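What follows is a single structure, and I will ask about it in a moment.
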Amino acid sequence: MGATWSDVADWIEPLSRGFVLNLEITFITILLGFPGGFVLALLVERRSPWVRWPAMVIVEIGRGAPALVLLQFVYFGFPQIDLTLSSFASAIVALSVSTACYTSEIIRSGLAAVPKGQKEAAEALNFSSADSMRFVVFPQAAKISSPAMMGFSILILQSTTLCFTIALPEIASQAYEIGSTTFQYFPILSLTALFFIFVCVPASFLVGWFERRSEP
Amino acid sequence: MTPDYFLLLLTGLPYTFAVTGGALLIGALFGFPLLLVRRSKVTILRWTAVMLIAVIRSIPPIVWIFLIFFSIGTGVFPISPLSAALVGFGLIATANMAEIYRGALIAVHHGQTEAAQALNLSPFHTMWDVILPQMVRVCLPVAATYAIGLLKDAAIASTIGVPDLTYQGRHITQMTLQGLSVMGSVGIIYVLISLPIAWIARVTEAHIRKTVSL
Amino acid sequence: MDQAASVRPDPSTATLPEDVSPLVRMRHLCKWFGEHEVLRDISLDVDSGEVLAIVGPSGSGKSTLLRCINLLEEPSAGSLNVGELTVEFDHPVKRRERKALRQQLGMVFQSFNLFPHMTVLENICLPQRRVLGRKRDEAEAVAKDLLEKVGLTDKAAAFPSNCSGGQQQRIAIARALALDPRVMLFDEPTSALDPELGLEVLSVMFSLAQSGMTMIVVTHEMSFAEKVSDRTLFMAEGKIVEAGPSADVIRRPQSERARRFFRAVNGL
């Protein structure tokens, strides 16, 4: 019983390989999910009920259903309609949708926090509504929302471990596999936890610092 | 999906509620002492609490419950999946509730402590009669929102074999190969459960605006 | 003066004879907010080069009237004519009409509304480039020229948050002027400012008036109304109660409603 340092050294490599996959999925999810959240935020604010209601239903379902369930819905459910996605693609689809729905609310409150006078000034200066959004409202909303968006990015990284359930060889799967062959669950899982501590603890302090800085 | 399968799905509900409610209760109880340590005058205690909270929150829930279930469970004390999930999510909820309490304390603090001190109330009564009642109200909507988050995180308990909603969903999917409708229903059920909690959050939030000096 | 005097016999008329064509002509303008009628049948003419002051008690609809002119609020009925462009409010305003109308109007807000994430220079240049399609160099030249006119050459690179309220409002005026409007609308431009800072802004507005700019100014500054504006319009409950040469309206109001108001503001 008991793992030796050489065991640990052997584990670092597969865990790192897994963790890179977690980081990749996080990155792509942010790349797709944040713009998706922005689009949803705009759709939910539209006056036409034909646009607003479907967008609101999507947002509510995407936020209300666990990411784990979305993941399995895509991975196990889509084959039923002859759309078989790889586990990597399923992860991207499910996590991006979930991210878009969550961040749409963050972005929406950011947009709402931009003083009304700013939009009016842009309007009075005859900006087109696209220009008003692009040059006046969006930059200010982005600044207001950025701490929350950074905080959410940390949660995305954590949620990529859910891909364990769809057989993606990310870090949790790697750890589980090593654990189930060596029965050294405690050391291998602790090592896995360390990966996240090293990334997420500093990141969360950074977010906290941003939050405090942007508050007053 | 046949009615039989749907009923089987629903047998998962008590487990989903047990994990969510149990963890929330643990968090609500232990979060408060953790808050007190977090606000201790002793620097080293304060920093220990800060680090503890940050570390607990930085490890993904699935890693936490694996850590508890597989390493402790296969070791000295055998532990059931449900207990492992309760311990894991209870721990996470404790860290999060401590932060929620802290946010509420900061929100209320402003002139209230000073006013209470000016009235010569003892520190205990300042806390008990003035700050706490307002804190509870400020907490409620935030805690309700957190409860929804916890409900969804609790689905992760299915990975160590807690037969909750998600577990039954995957089980039925494997039997029927109808993941779309089965996991779709599971998702909808989660949404339906979270709706009344979200409603509570909204109502209490509207209420506190009137009764708390923020 | 003579023309204005001829309007005098009916102090509640703010219009010129139909054969004269003013720069801004408003006919039977109404504005409802739900059940609440905020503007009631407003007819008003503003001649080219004229400075019109609008005064009246809080809630009388002054801001709403101004915002209806550049369509920040859409009037419920009536018609509006600025220069060659006429907009009838019997149908929802078309985007092209709105754009063409606003092209001729500059607006200055009570709360300045400078864009906080841009420097002063960018605040003045961006609208020129996006709306008029000016090149950067050209826009900057215009901006620098205007900054000099409002006495703020040294603030070009600053952010609005590093400028005093009076400076911010002067920048806002420069920003509006950069788009070459034919009419400038001011909604209580000095009421968010200390009297001293307000004076800086008023002096910029004064020289603007001297240069022949057409201006419509909602104000609480009776001295400005009296000294700078050609005509003053007194509004109450969404109606024009009195209009005429500023000195007459302010010094010798005809209606009881106006007399009460001016007595209160003058602290008599």
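We just call them A, B and C in the order they show up, numbering each chain from 1.
Operating definition for what follows: a contact is a pair of C-beta atoms (placed from the backbone, for glycine too) under 8 Å apart; a residue touches a chain by one contact, two chains touch by 3 or more.
Since the structure is predicted, the reported quantities are computational estimates derived from the model, not experimental observations.
Common neighbours of chain B and chain C (chains touching each): A. Of the two chain pairs examined here, A-B and A-C, it is A-B that is joined by more C-beta pairs in contact.
The most distant chain from chain A, with centres taken as the mean of CA atoms, is C. The most centrally placed chain, judged by C-alpha centroids, is A.
Inter-chain spacing, taken between the CA centroids of chain B and chain C, is 55 Å.
Centre-to-centre spacing of chain A and chain B amounts to 20 Å, using the average Cα coordinate of each chain. Chain A and chain C have Cα centroids separated by 48 Å. In the complex of the two chains, the chain A residues touching chain B come out as 60-61, 64-70, 72-73, 75-81, 154, 158-159, 161-162, 164-165, 172, 175-176, 179, 183, 185-186, 189-190, 192-193, 196-197, 199-201, 204-205.
Residues 51, 54-55, 57-64, 66-67, 70-72, 74-75, 148, 151-153, 155-156, 158-159, 166, 169-170, 173, 177-184, 186-188, 190-191, 194-195 of chain B are the ones that touch chain A when the two sit in their complex.
Residue ranges of chain A in contact with chain C, taken from their complex: 115, 117-118, 120-128, 131, 135-136, 139-140, 143. Per the touch definition, chain C reaches chain A in the complex via residues 70, 72, 99, 102-103, 105-107, 109, 111, 113-117, 126-127, 130-131, 172, 175-176, 179.
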